[in-house]
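Below are the structure tokens for one structure; questions will follow.
Order of writing sets the chain letters: A, B, C and D. Residues in each chain are counted from 1.
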Amino acid sequence: MKVSIIGATGYAGAELLRILHRHPEAEVVHITSESHTGERLSDLYPHLRGIYDMELESMKDIDRIGADSDFVFIGLPHGHAMEVGRALENMPTRIIDLGADYRFSDTNVYEEWYHVPHTHKGAARVYGLAELYREEIKTAKIIGNAGCFTTASILALAPLAKHHLIDVNTILVDAKSGVSGAGRSPKQGNHFPELYDSFKAYNVAHHRHTPEIEQAIEDLSGEKTVLNFTPHLVPMSRGILSTCYASLKPDITADMVDAAFGKMYANEYFIRLLGRNGYPATKDVRGSNFCDIAWHIDERTGRVIVLSVIDNLVKGAAGQAVQNFNIACGFDEKTGLDDVPMYP
Amino acid sequence: MKVSIIGATGYAGAELLRILHRHPEAEVVHITSESHTGERLSDLYPHLRGIYDMELESMKDIDRIGADSDFVFIGLPHGHAMEVGRALENMPTRIIDLGADYRFSDTNVYEEWYHVPHTHKGAARVYGLAELYREEIKTAKIIGNAGCFTTASILALAPLAKHHLIDVNTILVDAKSGVSGAGRSPKQGNHFPELYDSFKAYNVAHHRHTPEIEQAIEDLSGEKTVLNFTPHLVPMSRGILSTCYASLKPDITADMVDAAFGKMYANEYFIRLLGRNGYPATKDVRGSNFCDIAWHIDERTGRVIVLSVIDNLVKGAAGQAVQNFNIACGFDEKTGLDDVPMYP
Amino acid sequence: MKVSIIGATGYAGAELLRILHRHPEAEVVHITSESHTGERLSDLYPHLRGIYDMELESMKDIDRIGADSDFVFIGLPHGHAMEVGRALENMPTRIIDLGADYRFSDTNVYEEWYHVPHTHKGAARVYGLAELYREEIKTAKIIGNAGCFTTASILALAPLAKHHLIDVNTILVDAKSGVSGAGRSPKQGNHFPELYDSFKAYNVAHHRHTPEIEQAIEDLSGEKTVLNFTPHLVPMSRGILSTCYASLKPDITADMVDAAFGKMYANEYFIRLLGRNGYPATKDVRGSNFCDIAWHIDERTGRVIVLSVIDNLVKGAAGQAVQNFNIACGFDEKTGLDDVPMYP
Amino acid sequence: MKVSIIGATGYAGAELLRILHRHPEAEVVHITSESHTGERLSDLYPHLRGIYDMELESMKDIDRIGADSDFVFIGLPHGHAMEVGRALENMPTRIIDLGADYRFSDTNVYEEWYHVPHTHKGAARVYGLAELYREEIKTAKIIGNAGCFTTASILALAPLAKHHLIDVNTILVDAKSGVSGAGRSPKQGNHFPELYDSFKAYNVAHHRHTPEIEQAIEDLSGEKTVLNFTPHLVPMSRGILSTCYASLKPDITADMVDAAFGKMYANEYFIRLLGRNGYPATKDVRGSNFCDIAWHIDERTGRVIVLSVIDNLVKGAAGQAVQNFNIACGFDEKTGLDDVPMYP
């Protein structure tokens, strides 16, 4: 399959190229960047020297890029993927957007949280969280790849929501991410000495991944869901850990919780269940597409606490995109993703 | 005042010596370690070379140490401070225990969570969280210095609990600590390459700081409290951030929340209020006795989210001990603690 | 090819398994550990869960392991590989030792620096630095895989030594390594809080990689070489940077230096030349078998400064072992190693 | 003494304020910043909240600031302190410049390395490295505070140069610094994810601290000196380690080396000698004005290797400035600097 990456110079774009390099069925034909058009990618990312020395193009000629490509991956800031989506609407080219533009079935929710008008409302799209929407992904024109925090959080909560074991309105997600999640542009707040040996929260009560988690929980549970989501910045490069809390419904036992996870994920290669009372660490999945999950039940408070970890750039972005690509193409889902995490 | 440190070779002991070095009213007369008796402290801690080259003694001769000392700080593992407490019972020497032995007014709670019998049940002790128990600290024989997570968490929640703004049984504390909180003994799990670029939770639903937080919330609110406390390990040396959640009671407004914090902490030097919607970072208090606090209100869920940060070794251990010492001696509370945080 | 790993529980062993997982021509048949015999590898290394759940065996039955294996990789501490080497002497099994036992052509040098008797003096062995000893590796019975610091340092200096551009007795190697180079066993000095935000040297003038570098420089230059090697510990997980200094011989020009690097490495896939005045960073090669090299000429002092970086666990250990394995088997040298570095 | 800080918003300025806060003899009367005039310092540095909430002024009114101040500390980029120096030339105000403008006795050297004209050539200045130029500092009008790398390197080499134990033209300094040395402005290269778990060199053969070290060695040895200086960036916040190499002159013994260090530094409070074969770590001096030094002699190569560590922001900048201030004012040199390093 011929694939192109629109907006290839962010961390997710670079990670996508890392993964595609090993993918036997994908050939990268175009990579674009508006701010670096004409530069060689390996001049921006010296780790790619000798591997991806190709030149960055402009996306202005999107028609030609689309015509050359079976699949287009989009790594643009939100609001910009819609333009690409519309431009390629009548081509056979399929799209995987790593941003937020195609994640919401209700575009009003998108507009409310992202503060931009949605200009591609009728798009034939699906939410790109493979374990939950595999069937729809197979044939979708546009796949709105799930966000990083949301992937970790939804996968942690899905069995509980689907099997109605928790009161969905008691859900509270306290999530922690490495700094690569904030992108590659240098900012005062992400300057090395400012973050090193420091820890903080950000976007409390307002992070845009909140409605994305709510949408999935509603889909799974059939119940209107309003929840708390709090992201934190960990002084490390990669990795997300989501600590998810919810009150168990009356008479729900630990065995029922165990069974729900087992039933939902027993055959999912990328979900590794550590079981009840386990402790996933982000390093255990670093560089891989795995999501490791464990859960704890606090008898004193009646809450279940689910811990999930992913690599934010892999299962939280580029790996998930390739997993979706594999599903959409009918390839083995592990193609190009069958990696051992990099430890230590 | 002549002071001694029983169990001086842990991180909290070393930090105590760092602080006492600048304290104009304290003279360190004995330091002890059973495993390093006879060694020079600066051989164990080269950063102390030329400053604290004194020899470590054994605590076997506790009577003599007690007789020489106006105050004894104890840095022993839980279960061992009680022996010291009993040994010094009839001396005028006062005690500040940095461990858990004297933190609980109900020793049954201690026994239930620490799995050792309490052998000094009738001790004249007070909980050593200066901002809440200042009056009692002034005259206490034994001060059970508050724990690190608990200090950050209780200070965050105290105004809300005291002013009955929250439903105390909805409290959920998701806390994060640097690795110095785990002590100085090397363990597989704290080996540098294992933790670097990694994040994980531990002791979910079973951490011993849980009942300590509950005790304080009950004291403040007058209501029986059962809550969730989840600690996480951050790949950094120092610092704790507590993210505390609770549901606001009906009709509680943001202004009422603001007022509660202002009223309680306006005159507390070591509490710095960043106000509503602020973002404290652990680095902003590193090396100091400050506790920075901010709060957020999520209108969608009706929850208040309080963020608090401390340096776990200062306000969470040695600094708080010196603050208690100052109160107990009638000194200015800032004596020896009037430091600018070390940034960056 | 059937391969086994004797001493599989160190970081190099785990990394070897990570790489072999992608190797289409290698099947891991036995893994051993004396201290963890009978345990599952994934219980020691949770990141391997679902990938390598096999049991660790004892190496006591080395005959059977040898009989089952075309190749045996050894990850034992120095002094122990010789036992395996002798035990398999008369089997067709070939050996790649990741330790020091088979690195020295003069076993007296080994005994002098390692303080143990060499008990396998006549072994048919070759030094396993692929770029320099490729021909001999093809047919060697035993390959003494080059050390981590030495790989980075020798590759940096080889063109200069081989082409007689430098005075070999002015060579000075100032090297820096991430902490994974110190192994997986927890020690006080490698305890997370002790190393974090800290930097130090170790084994000055006595590190065992010194004679290994000297041996290679002598081989290349034909001149007796005595040099300085100073290792330092960087507060990070992976990566080595070697800063190598030497005085240029009279009349040696910058162009001649450039040409020497170009000539020697133009066709080496795993050596990436950043050219004169470049700045390699360890992160640019992390997780890969690349060695990135740049050089600078200081006209004021007449010295050339060569900078080289590798991932100590890949090109400095497991990756190099697989590269040697590929050469020894006649496979494409990149097999299983054709990875994009993991950035950021 | 009334002191002002011109250019107070860099890391060195903030550190200076941290130290001055504890200085019983200094009162900060003005702080300036051209880019943040009118803002509160604690809005730029939240760790200063409640301690330094004063407003930043413009340095345009330097006459008034000078008239108000007994001492002016300058934290401006090189080239700008000279303007302040000239403006205050005829006032009694004394100056400590933390930048390079007043470090060179030969302003031609300055112009050659800094590529700006020196506009204050006849200034009455002294090089502000207290241990070497104490007498001159006592009465100097302008003190050109020594640079960070240079302080660590000169103090390491001074006894050897002064006592003619080494061939000064064999000196080679391989230095490593934490990222705070690169300043507070965010840049791509210092963006957190780019540096984390990475190590690299920079400015090889061209760093401006080179001639500063040479100047001091020439002063001490009386011999023209040309040397190599190579800086590296360590993924940590604070700390510099200098690894200094030189060939011992014939017949110089280890005892003579030991004696030279002892003689020169026996009475220097801020120099802590770890002796021959010691290993200083940057963390052992973090937050303090100490310089820890150890040395090794390699009998094989005839080289001495000296290791020295400082906190780049304290002994390498603000602490040294206060030490110089104390000397200039006739205060005890330790005033405000008598701190225990912050460990861990």
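The working rule: a residue touches a chain if its C-beta (ideal position, glycine included) is under 8 Å from a C-beta of that chain, and two chains touch if they have at least 3 such contacts.
Because the structure is predicted, anything quoted here is derived from the model rather than measured.
A.B. asks: Touching both chain A and chain D: give me those chains, sorted by label.
C.D. replies: B, C
A.B. asks: Look at all chain centres (mean of CA atoms) and spot the one farthest from the centre of chain D.
C.D. replies: A
A.B. asks: Across the interfaces B-C and A-B, which one involves more C-beta pairs in contact?
C.D. replies: More contacting C-beta pairs are found at A-B.
A.B. asks: Roughly how far is chain A from chain B, centre to centre by C-alpha average, rounded to an integer in Å?
C.D. replies: From the centre of chain A to the centre of chain B is 38 Å.
A.B. asks: Could you tell me the distance, in whole angstrom, between the mean C-alpha positions of chain A and chain C?
C.D. replies: Centre separation, chain A to chain C: 36 Å.
A.B. asks: What whole-Å value do you get for the distance between chain B and chain C if each is reduced to the mean of its CA atoms?
C.D. replies: 46
A.B. asks: What are the residues of chain A that contact at least two other chains?
C.D. replies: In chain A, residues 11, 178, 180, 184, 193-197, 235-238, 280-281, 283-284, 286, 344 touch at least two other chains, as defined above.
A.B. asks: Hey, which residues of chain B end up touching chain A in the complex?
C.D. replies: Going through chain B, the ones touching chain A are 169, 172, 174, 176, 178, 193-202, 204-205, 226-228, 230, 232, 234-239, 241, 243, 245, 277, 279-284, 286, 296-301, 303, 305, 307, 309, 344.
A.B. asks: Touching chain D in the complex: which residues of chain A?
C.D. replies: On the chain A side, the touching residues are 11, 178-180, 184-188, 190-197, 235-238.
A.B. asks: Residues of chain C touching chain A in their complex?
C.D. replies: Answer in residue numbers: 11, 14, 17-18, 21-22, 45-52, 180, 184, 196-197, 237-238, 269, 272, 274, 280-281, 283-288, 290, 292, 338-344.
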